[in-house]
Amino acid sequence: MSLLKKILKPFLVVAPYVLRNGQTVAYPTERPMFSERFRGRHRLRLDACISCGMCARVCPCNSIQLVEVPGMEKKFPQIDYQTCSFCGYCVNNCPKSSLVFTDLVEFATTDRKTLVYSPQRLMEVPDIKDVVPMLKYRTEKYLTDTEKKFRRVKEV
Amino acid sequence: MTHLGLLRAVAANSFQFSRTDAGFIAEAFEAVVSFILNLPWIALEFLQVNAKPLTQVILLPGLAFVLVFAIIAVWFERKFLARAMLRVGPYYCGKRSGLLQVFADFLKLFMKEIIVPKDMDFMFFAAMPVLVSTLPAMAMILIPFDSNWVLWDIGSLSLPMFFAIAGLAPLLPIFAGWAANNKYSYIGAFRVAYMYISAEIPLVICAAAVAIMAGSFDLLKIVEAQQGMWFAVPQFLGFAIFFLGVIIESERTPFDIPVAEVELVFGWRTEYSGILFGFTMMAEYVLFQAWTLMFITLYLGGFNGPVLLGMTTASHIFWLLAKFAALVVLIILIRCVFPRLRLDQMLNLGWRTLTPLAVLNLVFVLALKVLGVY
Amino acid sequence: MSEESLLAGIKEAHSDSIESAAVLQPRCISVVAKMDGFVELAESMKTRFGFTQPVACGGVDYPGEQRIQMIYYAGNPEHKVMLTLRVNLPRDGPRMPTLTGVWGAMDFHEREAYEMFGIEFEGHPNMIPFLLPPDWRGGHPLRKDFKGEGVTQ
Amino acid sequence: MTEPIIKPDVMRISWGPQHPMSGQTRILLDVDGEKVHKIIADLGFTHRGIEKILENRSFFQGIIPIERMVMADTTNIGMGYVSAIEKALNIEVPERAKWIRSLMCEMSRINSHLYAFGLQAEATGYFPAVFLWTTVDRTILLDLFEELTGARWSYNFILPGGVHKDFPEGFQAKLIKGVEYLRRRFEDYWEAMVENAVFEARCNGLAVLKPEDAIRLGATGPVLRGSGIPMDTRKDDPYAAYPDLDFDVITEPACDVMARTKVRYREIGESLKIMEQVANEIPEGPISTKTSFFVRSKPAEVMSRVETARGELGIHMYTEAAPNPYRVKINSPTLRNMYVFERLAELDEILMADIPVVINSIDPWYLDSDR
């Protein structure tokens, strides 16, 4: 009898899942919203940077270099995202908070040289709509409403 | 001169073509020209005579049925399993339904290189997937879709013939596994051998019980005998055994032991690539189709069902296909629910449980027959 | 204090084959053994003092003092104390008897020490490279003078 | 690795590293038909020399490579390394930081156990449902991690001296919500997988590791507890806030693959209990003591042991007057359990079909064993 229960019970558990909705985020049309502390691409505020070089010294992956910027006297950090591990040491140890994280994660490119971001490129963060043109919805996270389909939170 | 006579003349003359006889050449030329000119009429006559078998070969138990089922079943299985896994399944090809993904995958498999490993018997290796996918399809021509919609009506030989043709299928994976010259294929092939023998014997005993109950080996008569009550009711044991047997024969979870992906890389299919791999995948569905149809014919009343809209043949075909679809959904659901059994457990199940129970079922049916209930 | 009493027992029983012994930190004792009678000491650790659970072994290189210290880690499941049993080896051509006869699980770890430090274990059943590729020619990576040369042949 | 000579009467199969279930390792199997006579593990495909890398990094920078040892279980590994640093440098950790550390360790443990649980399902051929369910449920934990630390996989949130940041606003409520959700989900796992007749048939009585063998072969973690021995570093050598937390050491007496699976299942329940306790009872206070990034240490030798999801991780660290450690010896749990796996073929009868089930019952993570 218990064997029969062990054969039939899994059916009753699994079968309702077929009627549930998938939990997949259909990426180019949907994109999850990240939290405030999310470590995505950096943004550099050139006016606040004092060129102390702390970020380059603390970087465990040696992906930060100080380079010259045309038209400026000082040197500014250039980040190589081929090796960056997004550990956040540079952001934490920045004395003037001139390096901050954004929630941009779209790094895909056809040339790996373009993954080396110069200070000028680090300065401006592109709009998400320009990076992912097919994006229609930003979705909320699982924890808020797991059992249902993601509510479309806000249209981009 | 009838067209057939003309054909015969052409055939007879062509044997003598080596003689350089001018008159003969002119005659032959004339015959060929008249044959070509009469070709449309020959074709028309051929079609007139063979309209129904042709439809059957091309449409219902034939090519279109097999291909459409394979396409729909692959698509459905992927979508269905994805739902059970909380995924969405194929999504982008074909407007979110993912139906075109199957065609895209087929095209991809077709384009891919067929990798030929070293020291293998290539002709043997390449022939097997094609045969594996066509043999069960040949067994399907015996299935009655209606009392006058049977492609190969051989009367009281049809049930043994089905087992004879479908019983050949397990031989081919064994050859394929041997030909591939790979250790995993080899183990997979031997698993096939063990598994099919243990499964086929209870299946045959169950089929024998059905034949005794119906009083005939003719599949049509078996179906007609189930007009009052499906054989699944008096022979519940046989029904359950044959259901397990269908899953075993079509190598589906929990009995996909010969191709167990996480144990043997892909069992006897390991070395296949490109379109040959496509054929082996196709074979799984064709086997599945043939055995499920047989199962319905033997136990679930075949094409029996209430006549809809006064169209007897159409409604019979509809009922058979409806039962078929329901079974397919059930068997695919089983795939989401159960893990795979081990080979020794499977053999224990086959020899120690299913075979005695099948014999018990046979005895029960004989008792019913002797007591005159049936 | 279980580790104190254990340590006292060890010191008393094996005073002649122990160079020094101390409590490294709570629940961890450190015994530095002499090369002579090392296997017997380990055997006695296992049978008499209950260090039946092998954990690992590894080495530390001291190029300034021209020695390599081989450390065996073993646990005592009863008192939950970890033993580090050490022995000093010369830096060039270090050889020592294997402890796989005492703790079978040291098999993998001794093979690792063999390729990482170049310590030869006499009587080891399967002394072949473990983590490094079989055609490795770059020397012994965890020695302090390894600079990464010859890594790519 | 050089292969021992093949006996003529037995077939030797190279299982991995291209096998769908093997992971990044190769296992040589001597099989006679379906029966496995001998298992030889060939490790080292993912050796990266982490011990050598750590010698060349400052204490803070070393956290990043060492967390790459087990990606599903980064916090526990980082916890071991950081507590070794703290012992070497004599850094005091505030009480609240300890509680946050315990919370993260437990979340990490659930994450890793869920992955192991799903792989166990997949190894028995139960691919469709449970592996993907655990993947979906791990997303809950990853979201919580992201809310707290900002990263979804490798956090380096536990730093010498405390933790990086305090809870964000409303985080405790989310924790409770997540715990409740996971509790609900685990009932499904139990009924669909552990109580499944076919799964039981596959796992019951398979690869029995008797308690004395488990000790003798040096098993650790859920493998040891699945053999009925209540050894858990969180109790034996407490670290972080574990002395103040209320939890049980899970053991199962059956000693087989099923027992190990059940240990993981029930340990997830204990971890959820701890998560709930932390969310409700966490003390107020500072979260870290100020520690310089380029801190220099004194000569010292310390040993830190933590209970990761796979078992006891030992970090034996030697320091001298320098900003980086002199030598770090990592006693990884998977390497110990791999030896147990190698010997299992001698202790119990294992069939070819059982190999993926048995190897996933010890929950191997080859980046951990190869370092």
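By written order: A, B, C and D. Residues from 1 in each chain.
Just so we're on the same page, a residue touches a chain if its C-beta (ideal position, glycine included) is under 8 Å from a C-beta of that chain, and two chains touch if they have at least 3 such contacts.
Here the structure is a predicted model, which means the values were calculated and not measured.
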* To do: Identify the chain pair with more contacting C-beta pairs: C-D or A-B.
  => C-D
* Going by C-alpha centroids, which chain is farthest from chain B? Tell me that one. => C
* Using mean C-alpha positions as chain centres, tell me how far chain A is from chain C in Å, no decimals. => 45
* chain C and chain D, separation of their C-alpha mean positions in angstrom -> 25
* Just curious, how far off is chain B from chain A if you go by their C-alpha centres, in Å? -> 51
* Geometric centre distance via CA averages, chain D-chain A, whole Å -> 26
* Residues of chain D that touch two or more other chains: which are they? -> 129, 136, 192, 196-197
* **Overlap residues in chain B, where contacts from two or more other chains coincide** => 84-87, 336-338
* Chains touching one another, given as label pairs in label order -> A-B, A-D, B-D, C-D
* Can you list the chain A residues touching chain D in their complex? -> 3, 6-7, 9-10, 13-14, 17, 23, 34-39, 57-58, 60-61, 85-89, 92-93, 101, 141-143, 146
* What residues on chain D touch chain C, complex-wise? -> 1-2, 4, 43-44, 47, 49, 51-52, 87, 215-218, 220, 229, 231, 236-237, 301-303, 305, 312, 314, 316, 318, 326-327, 329, 331, 335-336, 338-340, 343, 370-371
* Residues of chain C touching chain D in their complex? -> 24-28, 52-56, 58, 60-61, 71, 73, 77, 80, 82, 84, 103-105, 107-109, 126, 128-134, 141-142, 146
* Spell out the residues on chain D that touch chain A in their complex, using ranges where they run on. => 57, 60-65, 129, 136, 139-140, 143-144, 146-151, 154, 156, 164-165, 168, 174, 177-178, 181, 188, 191-193, 195-197, 200, 293-294
* Asked: Considering the complex alone, what residue numbers of chain B touch chain A?
  -> 80, 82-89, 91, 333, 336-338
